[in-house]
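Two complexes are shown next, each including subunit A; its partner changes from subunit B in the first to subunit C in the second.
Up next is the complex of A and B:
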C-alpha cells in the first residue's frame, strides 16, 4: 500500500478519530487506526467497539492495500510535520514508512485482518434525517441523561422512530426530558434504541462539524449515522428503557403561566440560600403570585415573589432549583407554562414556542 | 485451540456443559469449582469458544471459523476476561470493585458482532467484598444474551449470595490412570516418569508444567527415605536428619515434607489394612509402600498419622521444624 496525502487534510482526519480509539483496552489493536487505500482514495476507521468512526478521503493512491498503526503516534507524527505532502507506504516487512521532506518514520503495524469490521449495513436502507433538527433534539434532552452507573439503561438517550414522528427521551429518575418532532421518516415500522451518553456526544460533534446530509439505520445491535463521507457506528445499550409515558402527566388542574426571565432571576436569587445538597426551594403558586422560599438552615432564609397567571387551587411544592434553571435554559422563549397536580406528582414545564418539548421534574417532600 | 472433548478427566462437568449448550442459549451465570489446575479455566474457554463457534458439533468448536480464530488470537470483541491483579499499593492479587464496574459497563452493551456475550472470571474467589456485592445484581439478572462463567478453588471464599446465584459445575482431580494416559499419549512422557508425575501432581494437569513438580518429587522421595529407615534410625541420626530442615529457607520445605509424610503414612495404613491399590494416593510407589509398611505396626502408623497432623497445626503456630521433625521421627522409631 502506498499513497500521498496533504498533511493538513490527513491531520484533520486523524484528529477526528482520536476520540474513539481505545488506548488501554484488552485488545491492543483497538489503539490502532485502520487505513485502507483503493483507487478512489483512503478510508480511515477507528473503533473502541462501543463507537466506530469511518471516513473516506481523497488521496493520491499509488498502490492499494490496508494497514493498522497506532492512532495516537500517527496523529502526533503528522501534527509535528510541516504543511506539505505526506507519503505513506507499507513495506513487505510489515513496517509502515512515513516520509515528508527529510523527515522519515517507520511504525510497527498489526495485521488488518484482526481489526474489528465496521458493522455491515445495507446502503439503500439508510433513512434521511434532518441533522439540524436531530442536533436540536439532542441538545434539548441530553442534560437529563443519568450519570448514575448502576442503572445503565438510563445512561443513554432513548430514540423512538416511527414513520410519522421521532421522539427522544432522557431521564435520571428525578427529571425527564422528552422531545417529539413530526415528519415523514422512511422507517417501515417503529423502531426504538438506546444510545449511550458518550456516543451522543460524538454524534453531536459530527452533526455540527461535518457537512452533508444526515442518514441513519438501525442494524442488529448497532445504529449507524452517516454524515457526508463520515460514518459513525454506535453499539446500542442492552436492556429495556423504562416506560417513560407513565411519568408524563396526562392532565393537570393547576396551570401557571409566567415570564421565563423573571422566574429565572427570582430562582437564582432564592437559590443562593437553598440547601447545598438538595438545592430545594419551596414554591407556592397562588392566584396572582408565585412565592419562592429557601430555608438554608443555620445560614438563613430567602424569599421572593413574582406575578403569575394561575388557574387552580393554591399549591406549595418543593423543587430542585438547579433542575428548574436547567429546564428554563432548555425551554428558551419568553413564557413558560407549568402544569401541576399535587405536591408529590411530577411537575411539567413547557413553552408555547415548542409544543413538542416537555420537561418533567419530580417534586421533593416539604 | 482447545475443544471440550480435549478436556481430560472431567466427564461429568463436560457432559453438563454440553447439555446446557444443546438447549439453545445457555444464558446465565455458571460457577466452576474444583482444585487448582484441574482444567476449570481451560474448560471455560473451550466452552465459550463452542458457544461463539459458527459450526460447533456437540459442544466442540470447529477451530477454523471466524469466531474461533478470533478467540484464538485474543481479538473476540464479545468475550470478556477478568483476572485478579495486584492493584495500587495492595500486596495481594484481587478482583476489586473497579474490575466489576468495568465488566458491568461492558456487559451493558449489546454484543458487538456475535450472538451472545461471554464473560469469564478466572479466580472469582479472589473477589473482595465490595466487588462481590457490586456483582450480585448482574449475576442475578445477567443482561440479555450473556453467559457469565466464574471459576473458584475455594468456595468458602465466595459470598454465599454469589454461589446461590450461579449454576455450580464441579471439577474433581483427574483419576490416576487417566492422568498417566494423558501424560504418555499427549505429552510424550515415558511410562515411569508419567506414573511419578501423575501421582505427584495429584490429578491436576495444570501442575504438570510447574516447577513445583520437581520439588514435590524430591521431597516425596526424601519423605519416603525417612519412613523406610525410620525404624532403624539411631537417636543421634534423628537429630541429624531433622536439623537438615531447620533453616529459614526450608520453612516451606518442612510443610511440604509434612504433607508428603501424611500422604505416605496414609497410604501405608491403607496397604496394611488391605485397601485396594487404586485407592492409593501414591500409586507409583505401591510396591515400596507395601515393603515399608511391613516395618511398622498398624498402631504405630496411626499414631504417626495423628502426630503429623498435630505437627502441621503446630507449624502454623511457628513450632521449629527441628522440634517438629525430631518428635515425629522418635515416635516412628518406637
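Up next is the complex of A and C:
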C-alpha cells in the first residue's frame, strides 16, 4: 500500500478519529486506526467498540492495500510535519513508513485482519433527517443527560422517531428535557433507541463539521448516522428507558408567566447564598410576585422579589437554582411560562416561542 | 441521707435511676433459691460468651460485666451461669419505666435498666422535695416490681449519674445544688462517664487521679492535651453539664436517644450491640452488628444476618425520620482482622430493601473463600438534607418501601421480631437455637 496526501487534510481526518480510539483498553488494536487505500482514495476507520467512525477522503494512491497504526502517534507525527504532501507506504516487512521532505518515520503496525469491521448496512434503508434540526434538538436536551453511571439507561439521550415526528428526551432523574419536531420521516413504524452521552458529542461534531445530508439507520443493537462521506456507528445503550411521558405534567392549576431575563438575574443573585451542596432556593409564587429565598446556613440568607403574572393558589416550592438556570439558558426567549401542581410534583417550564420544548424539574423537599 | 434544703421549682433537678444487677435480680425473682449466690447472666463460658450481669456475690470474686464468661468462670468457679431471657428482662424493664413515668413526663431511658428523669418543676405537684420523691420511687420499684434500684439526684445528668454510683447498691444519694464540685473532687476521674481506662492512663501520667485534680488545670491546657473532650472534662469537673434530659415517654422506653452509646459488649453475643455515632442530625451513622456464638463461613447464614441487620437499621432510620445515603458492611474474621466496605447511593432513601441489596453486594466483595466470620455489621450514614426528589421515584416508591413502612407499624405494636423478612428468619432461628 502506498499513497500521498496533503498534510492539512490528513491532520483533520486524524483529529476527527481521536475521540473514538481506545488508548488504554484491553485490546491494543483499538488504539489503532485502520487505513485502507483503493483507486478512489483512502478510508480511515477507528473504533472503541462503543462507537466507530469511518470516512473516505481523496488521496493519490499508488498501490492499494490496508494498514493499522497507532492513531495517537500517527496524529502526533502529522501534526508536527510542515504543510506539504505526506507520503505513506507499507513495506513488505510490515512497517509503515511515513515521509515528508527530509523527515522520515517508521511505525509498527498490527495486521488489518484483526481490526473489527464496520457494521454492515443496507444503504438503501437509510432514513433522511435534517441535520441542523437534530443538532438543535441535541443542544436543547443533552444538558439533562445523567452523569450517574449507576443509572445506565439515563446515561444517554432517548430518540423516538415516528413517520410524522421525532422526539428527543434526556433526564437524570432530577430534571427532564423533551423536544419534539414534526416532519416526514421514512420509518415504517416508530423506532426508539438510546444514544450514550459520548456518542451524542461525536454526533454533534459531525453534524456541525461535515457537509452533506444526515441519514440514519437503526439495526440490531446499533444505530448508524451518515453525513456526507462520514459514517458514525453507535452501539446503543441496552435497557428500557423510563416512562418519560408519565412524568410530563398533563395539567396544572398554577401557572406563572415571567420575564426570563429578570428571573435569571434574580436567581443568580439569590443563588450566591444557596446551600453549596444542594443549591436549593425556595420560590414562593403569589398573585403579583415571585419571592426567591436562599438559606445558606451559617453563611447567611438572601431574598429577592420579581413581578409575575400568576394564576392559581399561592405555592412555595424548593428547587435547585442551577437546574433552573440551565433551563432558562436553554429556553431562550423573553418570556418563560412555569406550570406547577404542588410542592412534591414536577415543575414544567416552557417558552411560547417553542411549544415543542419542555423542561421539567423535580422539586426538593423543603 | 438527711436533707434539710428545700428545692424550689426553678432549680434544675435531674434524677438518675439505675437497677442493681438488673438481670441477676430478675432471675432471683423467678428463682428465689439463687439469692445470695454468685450468679452470672451472660453467654456460654464454654464458647465465647460475655458477662452481661453479675450478682454482688459474684462481683466479690472480681467478676465484672463485659468480661468474657470463660474468665468469669476462672475467677469464680462456683458461679451459676444463666443464659438469660431478654424478653423477660424487657418486660420487667417496662414495668420499672412505667413507674418512673408516673413521677414526671420527662423520662429518658438510656438502656434496659437505666433512666434519667427531669424533676425540674415537679415538686409542687408531688408536694415533696426531690429526696422524698426518690424514696417513693425507690419504694415503688421495690414493692411493685420486687427489684432493687439505686438513685442519684443532682442539678445535672452528670451529677445524678455519679451520685447513683456512689449510692449503689440499693441507695439514694442527693447532691445539693452548689456542692457539685466538692462532691466530685475526691472521686477518681474514671467516675466521669467517658473516661475509660485508656484516657485514665494519660490523665494519671499528668498526675491527675481525682476529679479535684482537674480543677488545678486551666481548661485551656486540658483542651490542648485532649482536644475538645479535654475542654468538656474541665467543665464537667466543676459539676457543670448542660445536657438536658430528653423526654421520650416512659412506656416501654422504645426510643433510645442517639446521644447514648451503649456500653460495648454489655449485651455480648446475646443481642449484638447498637451504636449510633455523632450528635448532629446530619451525617449521623446508624449501625448494628452481631457477633456469632460460633464463627461461620456459611454465606447463607451471613446473608440472613445481613438481612436481619438491614431490617433493624432501616427501622431505626425511618423512626428518626431520616434518609440514608451510604451503606457499609463490616466483617470480622476469626483472627479479628476486620474489613469494611461502603458505597454511596445515587439517591438517599429510607428503604430497608436498598440497605440489604447494597449490603449484600458489598458482602460479596468482602467475602473471601473459606474465611470464618466472627462478626457482621451493617451501618448507614444518614442525612436530613433537603432532598432532591426523583422524577421516577414514584414508580420505585414501590411496594418494598410501603411494605417496610407497614412492617414498622406492626413492630411498634408487637415488637421487632413479630414480623421479619423470610431471609432474615434463618438468622433469627439460628440465634435462638444457640
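Note that the second predicted complex is superposed on the first by the 366 of 366 C-alpha atoms of A that agree within 3 Å, B and C clash if a C-alpha of one lies under 4 Å from a C-alpha of the other, contacts with A are read in each partner's own complex, and residues count from 1 in each chain.
One rule holds in what follows: contacts are C-beta pairs under 8 Å (C-beta built on N, C-alpha and C of every residue); 3 or more make two chains touch, one makes a residue touch a chain.
What you see is a predicted model, and the numbers here were worked out from it, not measured in a lab.
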{"item": "Simultaneous placement of subunit C and subunit B on subunit A, clash or fit", "value": "clash"}
{"item": "Partner chain in contact with A:235 - subunit B first, subunit C second, else both or neither", "value": "first"}
{"item": "Touched partner set for A:365, first subunit B, second subunit C, both or neither", "value": "second"}
{"item": "Subunit B versus subunit C as contact partner of A:117, first or second or both or neither", "value": "first"}
{"item": "Subunit B versus subunit C as contact partner of A:354, first or second or both or neither", "value": "neither"}
{"item": "Partner chain in contact with A:130 - subunit B first, subunit C second, else both or neither", "value": "neither"}
{"item": "Partner chain(s) touched by A:26 [first = subunit B, second = subunit C, both, neither]", "value": "first"}
{"item": "Partner chain(s) touched by A:344 [first = subunit B, second = subunit C, both, neither]", "value": "second"}
{"item": "Partner chain(s) touched by A:49 [first = subunit B, second = subunit C, both, neither]", "value": "first"}
{"item": "Which superposed partner A:247 touches (first subunit B, second subunit C, both, neither)", "value": "second"}
{"item": "2-10, 20-28, 272-280 or 362-370: stretch of subunit C that collides with subunit B", "value": "362-370"}
{"item": "Common interface positions of subunit A, toward subunit B and toward subunit C", "value": "150"}
{"item": "Touch list for subunit A against partner subunit C, complex", "value": "148, 150-151, 171, 173-176, 242-243, 246-247, 275, 277-278, 280, 318, 320, 344, 346, 360, 362-366"}
{"item": "Parts of subunit C lying in touch with subunit A, wherever the complex brings them together", "value": "346-347, 385-393, 395"}
{"item": "Subunit A residues within the subunit B interface of the complex", "value": "26-27, 29, 49-50, 114, 116-117, 119, 149-150, 152-153, 155, 196, 220-222, 235-239"}
{"item": "Interface residues, subunit B side, partner subunit A - complex", "value": "70, 73-75, 77, 80-81, 101, 104-105, 107-113, 137, 143-145"}
